[in-house]
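All chains are identified by letter, namely A, B, C and D, in their written order; residue positions are counted from 1 within each chain.
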Amino acid sequence: MNIVFWILAVITVLSGLAAVTLKNTVHCALAVTGAFAGLALLFLQLDAQFAGFAQILVYIGAVAILVVFAILLTRGSDTPAQGVFSRTWFAGLLIAAAVFTVLGWAVMNSAAALPHENAVPTVTVQQIGQALMGRYVLPLEIVALLLTAAMLGAVIVAMHEKGEPK
Amino acid sequence: MTPLAGYLLVAALVFAIGLAGALTRRNAILVLIGIELMLNAANLNLIAFWRYSPHPEVLTGMMFAVFSIAVAAAEAAVGLGLVIALYRHAHTTDLDEINRMKG
Amino acid sequence: MANTLDQIFVLLKHWIVAYFPLALQPVVGILLSVVAIIATFPALFALTTVIERKGLGRMQNRIGPNRTGPFGILQPVADGIKSLTKEDIVPRSADAVVHFVAPLVLVVVVFMGFAVLPMGRNMQLVDMDAGLLYFFAIGASAELSIFMAGWSSRNKYSLLGAMRAVAQMISYEVPLLMSTVAIVMITGSLSLVKIVEAQNQYTWGLPHWYIFTPWGFAAFIMFCIAAMAETNRSPFDLPEGESELVAGYFTEYSGFKFALFFLGEYVGMFSISGLGTTLFLGGWSAPLAVLNFMPSWIWFFSKVMLSIVVMIWIRGTLPRLRQDQLMNFAWKFVLPMTLLNLFVAGLWRFMGEGILRWLVCSAILLGVYVIVGRTEMRRRKIGPRSYRYAE
Amino acid sequence: MLGEGILKGLKETARNALGSFVSAERLTTVEYPEQRLPLPEASRNFPFLVYDGADWESGLRCVACQICEKECPPKCIYIDKSKDKKPDAVGKQQFYPAKFDIDISVCMSCQICVEVCPFEAIKMDHEFELSTDDRFGGLLLDRKELAKSNEYYHKIHPTEATAVDDRLAKERAAAEAKTKATAAAAAAKAAAPKPDVPTAGAAPVPAAKVAAAAAPATPALDAKREGDAS
């Protein structure tokens, strides 16, 4: 439990909070990028290099960009007049708080049973590649299929329909 | 507190924040952002469990996280495509206004 | 002697680090390397601006800058003083925080890419196991800073430039990654140090660089195209096309922040050229076995500068693409070719040594290239221009 | 084949880049402060005042008739007429400008002052490096700064200056002839018993002569200017 972890944790949580509370939608998107970056650094802190870099590549390089594109395409950067929170915000907040209470309670209660510091696992990218091509080849193929389907689906959903005014 | 518990707590907090965002915001894109945060929190759990598991060389948790990242990318693409289609249809992304099933 | 010269920077670093207490030594070592990188590349940037301006001038039968200092080599100093002393203007309606952060993010991110590039034998900041992935992950973050700059300026040109830049960078990132995957398939490693070492062998005095294989050559061409689009260089400089968008996403920047964007762009060019050099041109290995006596870092930097010169040459030659041409080129030509190249690289890997694999791989690549090129060219129908409104 | 054009273009730029080092005629740049292109004769920038002889003050052709001041469209000329008279280029007693200022920050280089001047006293200059850090004093030229010799005028506008000199010589000759004629008339008057008739008749004759001499000169100048301009 070192200082780096705490710094990263604070950064991540604060950017996450900013992402769901800020008024301007683009600021939210930028804040969530900060949260993604903090999580990626936490992955690196956990010696999961490959997952951490994949997280940066996919989330900051693609998802965050997609989000800001979507915001600009839907004129989302104008702050709505009726406020940014929905009518049922209190119920939502209550549910979230309840979920956190339950999760936190579970973690704290089982903290003694959790394993302590163990040796740093030395996992090379080669091992990951071999695992992907060996033991996990079926999930890999399914993910590939899923990605293709998702790409086609996204294109078709977002495409202009014929005859529809632009 | 063990290191693992710290990571799990942070993940729980991020998950709760994401859930709160998804449940309380009006804008559909921000709801999507909340969902992404929740997915990420889950990934952090997976990686933390992998790191402190007795057999990290088995890679299961890490693989799960990597696949989850790939799925999240697909989810984001489709979700944002849906938001854009919705915007074109209803001319708003405010989820409180989009409450009719009939176009 | 040659060995000492080759390792001179490494030895220098060890010599300085030895003066510090043991606990501080790793930190000091990293700091020294970082300082070296941060000092070297802006200096190269200054040199490149002169080369670029004089070279472009010569290509257009002009002289180019020749006033400041002998032959104008002090021009970057004058430019630097100018941009440092200029007023830093922030538009009133701009988003001040994001506007301020964007250039910093760009420069930081762009410099981070150098951490994994081996600039000579044993001359890398970290030998990361997932070095290539790290490089691309860092490169992907630069897009966000460009978006931040364009959006926060509240200027239509900035926003258009940023949208164009982001769309272009996302589109060309895919072929950029795909073209390097072929290298990873053959080398079996994502570590850039290992990739260079795999190329640092010689048969009959000739190096085993990946550019000298059919799939490597094709991947190199695709990599160059995608790299030029990633760094917003001409002919892919639509995001900052001054004839239509003033300066694109950094229109509203002035003074030192503008200089930071400029620096970021050029350092980005260096890092992507360094990556191309490492992956395809053998990194720090000498082009001929007999030239191995020269220090390895000289080879790395001369290869990088050579690629920069080629980039300038291309900038002086080709006109800017149109947005639809840019996108069509990425998705309908470069990406399919890189995918085909992946297949060819696999074929190469499993066909074993011999002349046959050379013939088969070259034939496949060349055939598809010619066919795709023909169809692309046949589609060009240039008729009389028709107007919808103006008649 | 796809990409052929790119290679062709690259070859062309490479030839330009290398060729500019070996052949001098590829580089058309004139490095301005050290090297200059000769200005065309008809080029013009701001007006100046012509003087004859060595002394600028006494040789000024300007007689302070103030036509240019009145005609100047942006009103950038300021003239104060002198109280006394002195002989002009033709030898006639004339006023001279006690003050002649041109504000070249206002002047628009239209050359109207030159065209209306009946005395060939104001002409257009080639000088264009007039930048100064003193916006009010430095750009308001007084008559000392404006005065330039006839030789200078010959140097910058040789054809025009020759025509002007010819015309002025003719006028001077006519004036001399007139003085001679008046002298002769005076002599004749002294001799003749009735002085009234010849003086009344002699007065209009030189005026008509001057007009006749001036008339052909001006169209010729105009024609030449047009020729230069085209």
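Brief remarks follow.
The rule we apply is simple: a residue touches a chain if its C-beta (ideal position, glycine included) is under 8 Å from a C-beta of that chain, and two chains touch if they have at least 3 such contacts.
Source: prediction; values computed, not measured.
In this assembly, D is the chain whose CA centroid lies farthest from the centroid of chain B. Our note on geometry: chain B versus chain C, Cα centroid distance of 33 Å, whole angstroms. If you average the CA atoms of chain B and of chain D, the two centres end up 84 Å from each other.
Centre-to-centre separation between chain A and chain B, using Cα means, comes to 5 Å. Chain C and chain D have Cα centroids separated by 61 Å. The multi-chain contact residues of chain A, meaning those touching 2 or more other chains, are 50, 54, 62, 69. If the chains shown are joined wherever they touch, the resulting network is a simple chain of contacts running from one end to the other without closing. Chain pairs that touch, as defined above: A-B, A-C, C-D.
Within the complex formed with chain C, the residues of chain D that make contact are 1-3, 6, 9-10, 12-14, 16-18, 20-21, 26-29, 31.
Across the complex, chain C meets chain D through its residues 55, 58-63, 66, 313-314, 316-318, 369-370, 372-374, 376-377. Taken in their complex, chain A has these residues touching chain C: 26-27, 30, 33, 37, 49-50, 53-54, 56-57, 60-62, 64-65, 68-69, 72, 77, 124-126.
Of all the residues in chain C, the ones that touch chain A in their complex are 95, 98, 128-130, 133-134, 136-141, 143-144, 147-148, 151, 159, 163, 166-167, 170, 173, 188-191.
Residues 1-10, 12-27, 29-30, 32-34, 36-37, 40-41, 43-44, 47-48, 50-54, 56-57, 59, 62-63, 65-67, 69-78, 80-85, 87-88, 93-96 of chain B touch chain A in their complex.
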